[in-house]
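Sharing a structure, written as structure tokens. Questions coming.
As written, the chains take the letters A, B, C and D, and residue 1 is the first residue of each chain.
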Amino acid sequence: MNKPVCLVIGAGAGIGGHVARRFAREGYHACLVRRSDQAGLDQRVAEIEAEGGSASGYLLNAVEEGSIEQLVTHIEAQVGPIAVAVFNLGAQIGDRGLASTTLKQFEMGWRLATLGLFRLAQVLFPHMEQRGQGVLLVTSATAAMRGNAGQHAHAAAMGGRRMLCQSLNAQFAGKGIHVAHIVIDGAVDAPDTLGKMLGPERFQALRQQKGLDHDGLLLPAEVAQTYFHVAHQHRSAWTFELDLRAHSDLAWWNQSSSAALK
Amino acid sequence: MNKPVCLVIGAGAGIGGHVARRFAREGYHACLVRRSDQAGLDQRVAEIEAEGGSASGYLLNAVEEGSIEQLVTHIEAQVGPIAVAVFNLGAQIGDRGLASTTLKQFEMGWRLATLGLFRLAQVLFPHMEQRGQGVLLVTSATAAMRGNAGQHAHAAAMGGRRMLCQSLNAQFAGKGIHVAHIVIDGAVDAPDTLGKMLGPERFQALRQQKGLDHDGLLLPAEVAQTYFHVAHQHRSAWTFELDLRAHSDLAWWNQSSSAALK
Amino acid sequence: MNKPVCLVIGAGAGIGGHVARRFAREGYHACLVRRSDQAGLDQRVAEIEAEGGSASGYLLNAVEEGSIEQLVTHIEAQVGPIAVAVFNLGAQIGDRGLASTTLKQFEMGWRLATLGLFRLAQVLFPHMEQRGQGVLLVTSATAAMRGNAGQHAHAAAMGGRRMLCQSLNAQFAGKGIHVAHIVIDGAVDAPDTLGKMLGPERFQALRQQKGLDHDGLLLPAEVAQTYFHVAHQHRSAWTFELDLRAHSDLAWWNQSSSAALK
Amino acid sequence: MNKPVCLVIGAGAGIGGHVARRFAREGYHACLVRRSDQAGLDQRVAEIEAEGGSASGYLLNAVEEGSIEQLVTHIEAQVGPIAVAVFNLGAQIGDRGLASTTLKQFEMGWRLATLGLFRLAQVLFPHMEQRGQGVLLVTSATAAMRGNAGQHAHAAAMGGRRMLCQSLNAQFAGKGIHVAHIVIDGAVDAPDTLGKMLGPERFQALRQQKGLDHDGLLLPAEVAQTYFHVAHQHRSAWTFELDLRAHSDLAWWNQSSSAALK
């Protein structure tokens, strides 16, 4: 294949899916990866193809030993060189306080968000280093910079990953690999993200009751614009870290959300 | 005028001039402001016009009482609504330690970098608030986050300005005004910036001696790409803060530079 | 005088006064400085002397040219070597949004909090450097790290001062001068601090209404314990920055306080 | 036992051992825990007893399932209520770049530093919460705030733990549990810490060659003073985070150390 590859690990209907689509529109072959939901995955690929783009979908349990490693090796060998990788796996396991967070949940958050990124870098960076270029974009959250009450698994996984991004950047920037840590500071307007938190019905009800539309949520198609920009910055002016947030804080949402903790 | 206005305060041959040019290429009327050097200013304007763009130049002593205020009022009334303002005044007064920094230098750094931004916001934001939109991009430096030995005036001015950007963002984001704090983390490949620090001859000599070309410096034309992108982010996905740095650290430059302090 | 001197600039009934008292108890001669209120100043000095301590009081307009410089020179010459200086001047001018903050207020915040510290360091550090030791403790606030809506003067002054503390530390730690930036993260249980914000009556009313006693406020006598500890850390284990906050967040106070902005 | 218990997990000849000793001197029963070296452990206990203090030693593999949990349960039941816990396990596995860090090392760093703290909090905090008081001091490192080249395992583990400390503090401060994150910013003058990095011979050689004595290293007995102070802050003035560093940066050490990476 002549197209450069954009690999998106964690490509659902939110940020990941929109980023894949954005890159596909610009001539990348998008490799979309998610844990389950073959139908949803096919739909994402079909949407891209309907726009004239090129994409392929992969179901993958990213915490499984060797899974990310095999996928990257396969894509590099069979599909094409991965120019851009987007790591979009979260660790928001809906934790609610210390007593209710199990060791398994705490470990799973780390396996997904932190170890997963380390494993991706280990298998991908030698390829990129050999080519003297490559991009790794990591979707992060406010929890990477501020641990909130009750969100122990999320905070620990995100905080560890942020420092990992820094140490990767410190080792590999000079070798042409651009690592960017993108802090999503707010709720994304995506069915599955919100569904995990409040349930879609409750969220819709809240939105209607407050008389707001989408304003105050991060729109994933707009988020994807900045992912694309950062991936194409000239190497004389790279961004390592930036935040993305809605102009309006959606304060009522944040309050509802944290109120649920008490 | 039908064109939206991009006002650049601090528009020399470095970041400011390139940002003005970048916006002018996309249909903005660029208002370039600098303290002195009418010839240099005319040259910037001529370059923009040679590319088919539209621009005007203003000499302005930004620390003079009322200067920024009158300029903004004039542009809003006579030229057009300021859609984007870029505040590109630095405070690097070449300070070298506590004993050698005069009160006047310390105050000048603050008047230029911190108070100047406050004054700009006071006169500009009511216009933007009324229109429900507007962008303010602030060129900052690493010193805003880490005060280095000897750079007291610079650190104090930059650190104060960063917090001011946060407080402005906190008050005005919900009203449609996008404030972004852009941390330039390294040396820019611009004659006047480097000239101020080392003298151009010494810098060229250092570069040749080290066998490096421009690699490791921030290229202002590339920096301008990100300014343009940030200014056009959708209000559902705004960046408040980001860094820009060269992929290669130009470690030798940083060492030469700090060695000069000892 | 054989006693080491502890100079406290900003010594009222809150943190400053209690810090002076704490040091006086341990054998320091405390020099208490405040802008006005001779009676209050005399009372602080009398309290210290009643405990067997030694102190003197000075009325000083710290923003006046030469004022801090003359005081330090006088104390060094007539009272004794200043072993510890505590800079306890705030910049909370009760600012309420961009439109209502005057240039004069904005400047005054900086003159008091930022320039004042720079001037103190300029006159004091040569003495301390010659002795190869000395301590400078700076009372700061959360605003030094996070600019809140409306508090533009406060945020800019505090943020600039934090970076100044860093640059001073970077230049002078190796010469035996210990600079510490102490972030007071919350409301202090001091009549004048609270009086400035809400008025004492309104604050008392709020406290009673909420059924809280002092819990949730920072008690200045307890704050002073940590000031004393930090000033006496061995030079192999110095703290540059630490926060102090009440165990209970006094969330109702913070909400009342920010609600006043809207 | 009538004495309050101070539990130190990670009590060797460095910070941990000195902290245990410091608390024992003030009337605590110190429970010293380390992975191996019964003789070294006995020596720490004997030193404390020789000073008239009271202590007991435990060998424990902290990453083993249930190990911390059983120890805490045992001490609470048989020795006495744990008033202060000090978590002093590091994650510096001597990692040297991405390719040379094994998955096992990366996981071990997390199990030790991050998961270990989570497990300690889970078993200990219910006891402390019931008593309405308790202290948890966590020894951290600069890597928790800045990920350096090559130190991926260390950075990820420390960064995750810092956010975990924040989320624990956010949930439990109001319940009387004081969590403090203590950033040790430099090399500690302890045989085993330095031995792990450079080997004691090479380090001694370097020190002699540079003509320095201990200056520039953190002395663990002095570090322990601040641990003791923080543990006894009144709940109206708690520190969540502070750094400790030597007044002199020991720049030559840091350069030697990072030079080893290249």
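Side notes on the structure shown:
Operating definition for what follows: a contact is a pair of C-beta atoms (placed from the backbone, for glycine too) under 8 Å apart; a residue touches a chain by one contact, two chains touch by 3 or more.
Values in this document were obtained by computation on a predicted structure and should not be read as measured data.
Both chain C and chain D derive from one sequence, and where they touch, over half of the residue numbers involved are common to the two copies.
More than half of the contact pairs at B-C come back, by residue number, in A-D, the repeat among C-D, A-B or A-D. Averaged Cα coordinates give chain A a centre that lies 32 Å from the centre of chain B. Rounded to whole angstrom units, the spacing between the C-alpha centres of chain B and chain D is 44.
Multi-chain contact residues, meaning those touching two or more other chains, do not occur anywhere in chain D. Chain C makes touch with chain D in their complex at residues 173-174, 176, 178, 189, 214-215, 217-219, 222-223, 225-226, 229, 233-249. Per the touch definition, chain D reaches chain A in the complex via residues 97-99, 103, 106-107, 110, 114-115, 118-119, 121-122, 125-126, 143-152, 155-172.
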